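Down below are the structures I want you to see.
Both of the next two complexes hold chain A, though its partner changes from chain B to chain C.
The block that comes next holds the complex of A and B.
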């Protein structure tokens, strides 16, 4: 195997026929391994994906006959302010779901690495990771209680003398979207922390040791060693969390259902409402396709950055 | 060595694939038992002919027969009434058993079209909306049953709410659903708190009501408890529609709800109503966190004594009586001028029969039984809290005097005599509530929308949906 990997060119020149046979056979067997997953993927992802594109050019209520309308659904998305507004809301959620968890995750992971390498660090990581295993629906309901007028958050604010700013956070036009964002931080911080901690554990400890012998501060360690060497992990974190922000549905659906007004409405929720409540499958599909294009447009540069670093 | 391991991998892959396939075969073989339910399927062709059979049936009533029947039903989670009725029905007709699935109302809106279109459609189902299902041919035409059972002679104007004409306008035409009962909405009040602000009898005009609200505010009480979260749907639509009825006739409102051509909600009298609501919001008559309050929270907070008044329907009677025994009163929203007509949102608890139902005759027989059987009517009132409707000579179930149920039942005929029954403005189109009323009323609470803008925005959404 190592020979194959190290000298593929030499092999292909000297023993062209048997090797290419073998490669072909290996490829065939490889495909056989992939086949079951591929069939599933095609059935549950590719076919619905293509159907969504087809639906997006039609007017259809899900039951009756379909009517071809060309690009009309796409034009409607741009014309109706509420639909376009959901995309802007999604961008604001990127700040909460992505930038804050990744930034905070870096800090937390690096602190855990420096001051709490033992059992405490493990406990901290586990606690932070817990939101990943709690059903988001349950989490959304509990956060609804925490954010309510008589909820824990307002009680804490009163204790520290900030009683004047208390409000029903999820029902407030100015704050509801950010309150939803905070739930996102809570959910995604653990994921980022664990991933980045794993990254830090792969960094040669000698680097940190020598930095410490030189008397560098935590901050210097953080900026000179941790962040540059974790670029790959940061890229993965950004990719996952940005997609989570742009495609979010469950947290918003459970916490606010898009209210008050349309202050927390996001494309995922709007697609659901259009498809199943308004029974306008075509418009829902058009918005879904646009959301997908948007996600790809934003994720591709992050991926490219990531690959260059690799 | 490599080749050997590849061979082994291949063998194990084949084994794995066959295992997977057999696992996938699980559900496939599981569908086989549905073939054992073949009696249901074989009866399906009969069912598709049922409406025809029903129209020709004047000689004999449709019944559930004497052979075992499993009625497939979809009920709404959280409402005990249909479950209790089903239980009582089986007690009286032991050959009929039930296969009931249930879901939240919001989920019913989204799932009903697929459920109706499926090959395994329910016989009986709680209908969230009707027009589009009827248009798509998913609902059974009940005119034949109406003739057979004499439903058309019942003095219940609400029956018209379940009729749809050829243009897709509700209010007349073909009957597509029946009500299990007929709910009534109005103003509930906490008797102790009302006494504190000097209320000795229900207000006779909107102005009197507003002076009571102001008195409650001055006394440091919460004048009105209401929900407003987008998750529950906008509770403020309740007082708004009552104000609309107080300031204008109900017919244009019903026309709008039924989808009559050219109907508009943006009328001068509705504007006055919306302006009053806006004043109530600004005066602080509603809870400051209303946009985050769920329906159940509002009911619970009113039950705990927070709020002198609340707008709700008689389906909440049992809950209020349990939370504040003997301490909850009810009155119809007063008219604008003394001596004016009383009006109320009053809608049937709508149940329909799927066009593909396996046992439509039995389902129709059940609907008729609910309205005419004494035990069923008693359950209707005791559990559902609402008027059971039915023929004029049917006995009215007895209720405990002094209970809030007694008050709502007494209010029904008053409203009926004035011809003031309105459907809910939330029912105009399938998503006008979620996409029109709810966000716009929430904006009004947040100071981002005024009365005129509210009506214009909702009308625009209404026209957009009807144009689809």
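The block that comes next holds the complex of A and C.
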């Protein structure tokens, strides 16, 4: 990047001192401003990121000597069903944490825009957003209780006459992962709704008005105006929620600890167990690197979608 | 406006159902927290004799006073430090547009996509090696660093939109870069700095993984970090666990209600611009 000559600072002072000297001095001072942030970021994020990659090629218990093993850790991840399973679980959670909140959020945002533009819509947005500000650990504990045998979910099922399907949802091999997914919907729906409905409020109202004068149905309006014009916001929602899904840790750690068996184990939890309980730093790091690659692979196409719009 | 009565009804019903879905869990744990300690009540029933004392008990057994102090100290270390260094960086990148701004910004934005798990292992090992592990700074330093991507991006978005005339006038009056930052732009950036500060305070309060991994003693962790340990001890005492959970939720909920507008603006603007 070159120095922008139209920049006001450069203009005003160049009258007094030779421009090149001044620019050099100013560049130096500018970099001093960035330095603290950059050093912290490099020391606690970038360097660790590179070290994770290095560790992933070694066998290491964290204290003894490191032993270079090449790609062996990565091969292990692919060979051990329990490890590979965590990645499949993560994909299933993407459906719950990402697709459902974004899809439902779009519907809710457009409903608010059509039938609840006033105070009611405002209240709905705020209420739906509430779970977003509480600790995910707390969300895990709350839902751990709701999903238990005597908890709210089973109680409600009994009331509507579905008493026969009650169970300890988080302890059920078939249902536990989806139950964790529902916690994700609860946490992320508000974020998507608020972001998307902020997006809708920026859409030219004339578009909606003319559609309504024509008597357009909610569905026509939704597919013809809302979804296409909110592509940027949808991209943002997808990015945030996909990362949340793939990196889930807190909720699973407290609600199920990965169980029953490995039914709800996700990479985020498995990395923690491998590294800090089993002291297998290399394998944990390999799984972490794969998780990061996965995030990038899924995020990149979404980002590209974003840029085409602009 | 041609919106049919049935659509109006269906739409409002949908919103009501979803609001209930959101609120019911809070009501359920609140009611459960009021049952006698050690019992297993139903999910939604008002107790005959509400045990308000459960909150006091949970406060005591969870060592809440120590935790409040520890959490507050972590917040008071992390948030001001993160605010200062990210504002300075955002100023240099967004307003001074120093050579290399684009690269710097890309570098920081990269961090937005990085899951914590990708860096937690080396942080743990590095902190053990340099003696930071299990100290007060063990959680604080990495957190400051982890906030940089969002914080720098957010502050840069503010500075990049400042009208050039403001800086120009100050320059003509002979202001140095530091004056420009300290006297002119820092006061003008109060609103975005406040929003960012509130947001980072909540994030710090709620931080779990770093607290769990980097600090051994639960009473030296963040509130959320300690909640995990509390759950380990009281998993079978549902009312007490619910009471403890509520105690930890209340501060963030209060902050949210008070600063709703700032929180939403920062979170949404930051996300959209990201």
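FYI, the second predicted complex is superposed on the first by the 276 of 310 C-alpha atoms of A that agree within 3 Å, B and C clash if a C-alpha of one lies under 4 Å from a C-alpha of the other, contacts with A are read in each partner's own complex, and residues count from 1 in each chain.
As a working rule, contacts are C-beta pairs under 8 Å (C-beta built on N, C-alpha and C of every residue); 3 or more make two chains touch, one makes a residue touch a chain.
These figures come from a predicted structure and were not determined experimentally.
Colleague: Look at A:273 in the shared chain and tell me whether it touches chain B only, chain C only, both, or neither; answer first, second, both or neither.
Modeller: A:273 contacts chain B only, not chain C.
Colleague: Looking at A:240 after the superposition, I want to know if it touches chain B, chain C, both of them or none. Which is it: first, second, both, neither?
Modeller: second
Colleague: Once the shared chain is lined up, is A:62 touching chain B (first), chain C (second), both, or neither of them?
Modeller: In the superposed model, A:62 contacts both chain B and chain C.
Colleague: In the superposed arrangement, does chain B or chain C reach more residues of chain A?
Modeller: So, of the two partners, C touches more residues of chain A.
Colleague: Regarding the shared-chain residue A:170, is it in contact with chain B (first), chain C (second), both, or neither?
Modeller: A:170 contacts chain B only, not chain C.
Colleague: If we overlay the two complexes on their shared chain A, which of chain B and chain C does A:221 touch? Say first, second, both or neither.
Modeller: neither
Colleague: Now for A:146: first (chain B), second (chain C), both, or neither, which partner does it touch?
Modeller: In the superposed model, A:146 contacts chain C only, not chain B.
Colleague: Is A:262 in contact with chain B, with chain C, with both, or with neither (first, second, both, neither)?
Modeller: It touches chain B, and chain C stays clear.
Colleague: So in the superposed three-chain picture, is A:36 touching just chain B, just chain C, both, or none of them (first/second/both/neither)?
Modeller: In the superposed model, A:36 contacts both chain B and chain C.
Colleague: Share the list of chain A residues that count as touching for chain B in one structure and for chain C in the other.
Modeller: 1, 26, 29, 33, 36, 62, 148, 254, 276
Colleague: Would you pull the chain A residues touching chain B in the complex into a rising list?
Modeller: Per the stated touch rule, the residues are 1, 26, 29, 32-33, 35-36, 59, 61-64, 82, 144, 147-149, 167-173, 254, 256-262, 273, 276-280.
Colleague: What part of chain C is in contact with chain A in the complex they form?
Modeller: The contact residues of chain C facing chain A are 1-3, 7-8, 11-12, 14-15, 18-19, 21-26, 28-29, 32, 40-44, 84-86, 88-89, 91-93, 96-104, 107-108, 111, 113-126, 141-142, 144-146, 148-149, 152, 164-165, 167-168, 171-172, 177-178, 180-181, 202, 205-206, 208-209, 213, 223-225, 227-228, 231, 238, 241-242, 245, 248-249, 252-253, 255-256, 260, 263-264, 267-268, 271-272, 274.
Colleague: Which residues of chain A touch chain C in the complex?
Modeller: Residues 1-4, 7-9, 11-13, 26-27, 29-31, 33-34, 36-38, 40-41, 43-49, 51-52, 55, 62, 104, 107-108, 111-112, 114-116, 120-121, 123-124, 126-131, 133-138, 141-143, 145-146, 148, 150-156, 186, 189-191, 194-195, 198-199, 212-213, 215, 218, 232-233, 236, 239-240, 243, 246-247, 249-250, 253-254, 267-268, 271-272, 275-276, 281, 284-285, 288-289, 291-292, 295-296, 299 of chain A touch chain C in their complex.
Colleague: Please name which positions on chain B make contact with chain A in the complex.
Modeller: 2, 6, 9-10, 13, 16-17, 20, 109-111, 113-114, 117, 132, 135-136, 138, 228-231, 287-293, 430-431, 434-435, 438-440, 442-443, 445-446, 448-449, 465, 468
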